[in-house]
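Order of writing sets the chain letters: A, B, C and D. Residues in each chain are counted from 1.
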Amino acid sequence: MVVLSWLFVLMLVCFAVAPSLIAPRNPVALDILHRLQPPSFAHLFGTDEGGRDVFSRVVYGTRYSLGISAAIVLSAAVFGVVYGALSGVGPRWLDEILMRIVDIFFGFPALVLALAVAAALGRGLTSVAVALSLIWWPGIARLVRGEVQRIRERPHVEAARAIGVSPTSLIWRHILPFVMQEVNVRVTTDIGYALVAVTALSFLGLGAQSPTPEWGLLIRDSQDYFGSAWWYLVFPGVMIMATTAACSIIGDSLASHRESGVAP
Amino acid sequence: MLQIRDLSVSFGRRRAVDGVSFDVEEGEFFLVIGESGSGKSLTGGAILGLNPSGSTRTGSIRFKGREMLELPERELRHLRGDQIGIVYQNPLSAMNPVIRVGDQIAESIIVHGKGSGRAAATRAIELLERVHIPDPARVAQAFPHEISGGMRQRAMIAMALACGPSLLIADEPTTALDVTIKAQILELFAELRRERSLTIILITHDMGVVTQLADRVLVMYAGKVAEVGPVETIMNQPAHPYTKALMLSGAMSDAPFKSVLQVIPGSAPTLDARPLGCRFNPRCAYAQDDCRATMPSLRPIAGSLAACHHPLVGFRHSELVA
Amino acid sequence: MLPSKPCLMALAAGVMLASGVTGARAADQKLFVWAEAVEPSTVDPAKSDVNQEMTIARNVFDHLTNFDLDHPDHILPALATSWTEDGTSWTFKLRDGVAFHNGQAFDANDVKATIERDLRIGQGQSYLVGDIKTVTVLDPHTVKIETAKPDVYLAANLSRIEIMSAKDIAAHAADSDHGDSYFSAHADGTGPYKMLSWTRGAQIDLERNKSWWGQFPAKPFDHVIDRFVTQASDRSRGLEGGEYDLANFVPRDEAVRIGKSKGFYLVEGNNLWAWPAIYLNTKLAPTSNESFRKALVESFSYDAMNQYFLGASVTPRGPVPAWVPGSPEKDLAVIKTDLNAAKADLKASGLSNPTMKCSIPSGFSEFAFAATVLQASAAQIGINVQIEQLPFVQAIEAIKSNKSNCFVLGNANLSPTDPTRFFAAHYLTGGFYNSANYSNPQLDALVQEIPTVTDPQKRYEMLKQASEMVVNSHTIIWAARPTTIVPVPDGVGGYRIDPAEYINVRLWELYKK
Amino acid sequence: MTVFLLRRVGWAILVLFVVATLTFVLSHVVPADPAAFLAGQNATADTVARIRAEYGLDQPLLIQYLSYLRGLLHGDFGISLRTGRPVSEDLASFLPATLELLFFSFAIYVATSLFLAIIAAKRPGGRLDSGIRLFTMLGSGMPVFWLGMALQFLFFYKLGLLPLGGRFPLRAIAPPTVTGFLLVDTLLAGQPGAFLSALSCLILPSAAIVLNLLAVGTRMSRAALISESGKQYVRTARGKGVGPRRILYRHVLRNAMTPILASTSIQFGYMISWVILVEVIFDWPGIGLYAYQSFQVFDYAPVVALALVSTAVFSIINVLLDILYPIIDPRMRSLRA
């Protein structure tokens, strides 16, 4: 399962990096004569209402859907790690302030807020990215802060502090490497969840706009052809599902490695 | 009352308890002693079929003539708490934190159909009184975290006694209690035994217990019986070098068992790394070649049974004290 | 027994009973369910503006006149039984014995109050009668309407003005909002159906007005549910699954498929819906360059559009569709793809590697498709088109504030006969939907004058001239003019498409087959 | 306890204020003119200007913000441009539907995830455990909107078992409104048939929501149950002769409830979000569909109201959970004191 998941993710990365090498056709060029064709060798996932190859659109869409999800989670992780570390090692009053701010974010249903923010900022993937990043970082910040505080108490850190290692180096060399293991697990799993969130907002019409081949938008567009072209709806959905599953399986495996691998 | 023959408790191919045999007579105060990992608690649990999942029991345990290993789970359940009570160590975690003390005691009465609702609740208060808890009505209404450690242990005992069992298995009931409380609890056991002619199996690593109360002692080491015999014999004339080491630490009255490790170099073998021959041989000052080659079996030596190729002879406990 | 088992059993029972419910509902033969794409914002006819609002306005209220759907210039009597015209003055004789749903009798005061209210509010369809100056009650059954200048289309346009009750209007005149909020939720007309209730977010229930003055077919529907079904896929599935009797805005491919499947037939006709016209902004480079615009018009693949519409569409030649009475369409030049001419014009424009941005309203697949065709067509001659889908308001904002080069829009002329309405909002100076920001005073004057001309031949010439002006400005690419396809279940008869409306439903014509 | 609750409520109000401000500020970052939409397609510039003034859209931003906040204090969320009614009135008609779906889904979620967790925790690593894990993981990977459509396809279109959407079957007669919850109102009206009709409409939307959340819920509950099953008090109970079922329900489950509830709070946040998506797909006349239709036409007040109301619901649930913890776990009582 884990190997399969890694292979799948590797495939997605290839899709995102070099879609032109994989996709057999142009994802936006129209081919009206071949509209809504069922899956075949020529069109692995069939064609859409404009005769575009759904497979090619899915391949190109990886960059948007997964790319944006990864960007959201990674930017949230960068900010969250800095924020959480600051809170974890900083003075009590700073920790208090920083964590109360994080608490506010846990006080509302995050996706609803993202929806409101994205709607306010106007449609587009940028709005979605901004809105979701805005709600994503507090979770990571809280995680990092907890880990930092936990690891800070460990003997090796105490020892390093005792022998006068500078605070910066303490964080960088003695605390963060351990925290990052935890963050890696979180980021991996979260990319899957972010994908669901991104596609959900696109589905509501807040995210990507056609003819961008974003997966959620593909599903939104495909709805009009539900009865005539099942493939149009099914394949993007399967891609989202498989990606989320792969992320969570890889996350799980990372988590179990971390549990056995960390020095006490 | 209880005959155990060739009892083994295994996890897969590894035997944590390995061919243990002993008898407990009616009304006896029987002591099982050993380091942690010696298999003493598993032996106690095995009697009631309360071993962790993934373990299997072989051999024979006969309680009042019934073969416990052949009893179906349902019937075993009827025995537990009813005919055989069990008391665990560390009552804070051994008691359910979200159920009132009284209700936990009453539960035993209810599940065995010996009274329901109010009657069980009243009985629970009586039992608390019986184990010398002041203000038992209040304690019955309390949650475990709201009462002191000693009271919790008493409540645990009350729980085990709820249905008036004939056998009480107490698995390290005095661990984590301070010295005075410990003495009070042990006194309670002695009193219960006297007044109710209760058979008690006390499992402990605490040598301080031995001298005061027990009739007979079973010493376990690495899943095997090292020595078993009347308490005076074992105390005064230990045949097994391991027993001697235990006595040495025990002689320092209430010193924790940890000091045994200081008396004997090395540590008890893990389940996966048991030595050939006598399991105690790597730590034994008297070990010889045959100890490293063949496993000794229990044989009578000077009033007790010991599993040793080269039992200690002429050793007197009094010499130690002197 | 685990606690979830009763739960599962309840679920199973629910499923079984639900299927029972599904089976039972077919019993209600006199019920008709219309799946509406959007919940109306208002049922106030003075503000009714879009399809979902028309469903209520047209069926609950009556109009002074009517028109023949097959011959829109045949104006028929309705609440007015006859009328005379004298330049700027019109006199209408009103029908006797007509009552509002609340029982009040209908008379000339209602006409006066309605038109005055429409003009005061200035929204909805009031633009069709914007020329009216005064309304005078001559007697309870006669009303005189005077216009600022002659308007040959007035009687036809009055077929779009729903007559409300003067007493209702008066009763709410003292409200702080003159009854606007009351009327937006309450509709009381003389029409074929009564509005019973409005369950917000779900449906409006209508009941047949059995004492209506008009004629119902045999086996009409006594109870109508105007159900709001947001998702297009749900409308098609519900129609196909028998949950709805008719649905609007069923996606074209699904409509064709369903219409051809067993138990359904297709009704096809012209209407206003979704002719994607691409507006090219004359105020922003590169579309400010006329040769460039011409190149775009010439490069556009009209064939692709017609294929998209599955052959059920024509390529327009000008702003006025052929079926509009007096349309000059047949005498206008054919517009077709000519890549060589396009390349020559692009060269003449002097622009190299031009890039343009297209902000189009989201939610209309036809519009998005037209933009995509433009993108592909323009790419053939080396023009880069970027497409951005925005909500309607934002998209039109973008082009009006010169942030975008093009916009895609349908049309919204609800007049059955008046062709000048195709120009007013879209091509004339200051028109709200003049998305090309195009201004031609000559055209403005010409179009203004048309309704005042009584000679049909002269009107025809003027209209042709006006159409050519728009065509030659190359500010518009008329991508295609499709017919509308509506799948109708075999059990429903009488459905007709109103050419001067979006997808409509004339409930009083429908019957159970 | 009271002090603790007051603090929690104060905190919830602060959160609401932040949401209100954030959404207000962001909604004015992008200039758009809703008045143009409102005026209709053929309106003149004058009409547009008049409408703009009517809705106060021509006021300076700060004034708009202050009057907006003042309105919120009075429960006034402004006027929906789309429906032309006060948003608070619209909410009153849409909120019960949302709450009904939310609470129903929540109940099903709790019951199902516990049920599955109990089965899975019986033999961790067993075939049933792995099966449940796979099933719930598939469910959570499926985007809710996609899953919803798949369910519609299967249960309405193919099997004809359940309604396509809506809150009450089209041809059934709705009960008089008392509580606004159809499940309750139908029972109050003594219409068991209508009750089942309403229930039949709830099944698919809530199934879509629950299936999505089940993976996390089951995993959390399972972990809590396994960890509690390994605790010493379980051994004690077995030693008392307590049977496995009584041990599960009276001992393990009650102790596992605290961690399960804690995870439920987070899941509830997701649930609110998914309800909105599901409402759109199933034409469920709740605040999600209301807000969705509104932001399609740039009517923003309902979206803000949605954010505020769902935050309020979320806060209330969290406060309720906070009240519940010490009831379930007496150890929390002394902590709070």
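Just so it is clear, a contact is a pair of C-beta atoms (placed from the backbone, for glycine too) under 8 Å apart; a residue touches a chain by one contact, two chains touch by 3 or more.
For clarity, every value in this text was computed on a predicted model and none was experimentally measured.
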Touching groups left behind when chain D is ignored (all other chains fixed): A, C | B
Longest centre-to-centre distance from chain A, chain (CA-based): B
Pair sharing more residue contacts (C-beta pairs) when A-C is set against C-D: C-D
Most central chain, Cα average position: D
Mean-CA-position distance for chain C and chain B (Å): 90
Where chain A and chain C are represented by their mean Cα positions, the distance between them in whole Å: 43
Mean-CA-position distance for chain D and chain C (Å): 37
Intercentroid distance (Cα basis), chain B paired with chain A, Å: 55
Overlap residues in chain A, where contacts from two or more other chains coincide: 122, 205, 223, 226-227
Contacts with two or more other chains, residues of chain C listed in rising order: 231, 233, 237, 240, 363, 391, 394
Chains that touch, pairwise: A-C, A-D, B-D, C-D
Chain D-touching residues of chain A, taken from the complex the two chains share: 103-104, 107-113, 115-117, 119-122, 192, 196, 199-200, 203-206, 216, 219, 223, 226-227, 233, 237, 240-245, 248
Contact set on chain C toward chain D in their complex: 2-4, 7, 10-11, 13-15, 17-19, 21-22, 24-25, 28, 31, 33, 38-39, 41-42, 47, 49-50, 122-125, 127, 180-181, 184-185, 199-203, 225, 227-231, 233-234, 237-238, 240-241, 243, 363, 391-394, 396-397, 412, 424-425, 430, 432-433
Partner chain D, residues of chain B touching it in the complex: 48, 50, 77-82, 85-86, 88, 90, 93-99, 107-108, 111-112, 143, 145-146, 156, 159-160, 162
Interfacial residue positions of chain D with respect to chain B in the complex: 231-233, 235-243, 246, 250-251, 254-255, 328-331, 334
Footprint of chain C on chain A - complex, ascending: 28-30, 32-33, 35-36, 49-50, 122-124, 205, 209-211, 221, 223-229
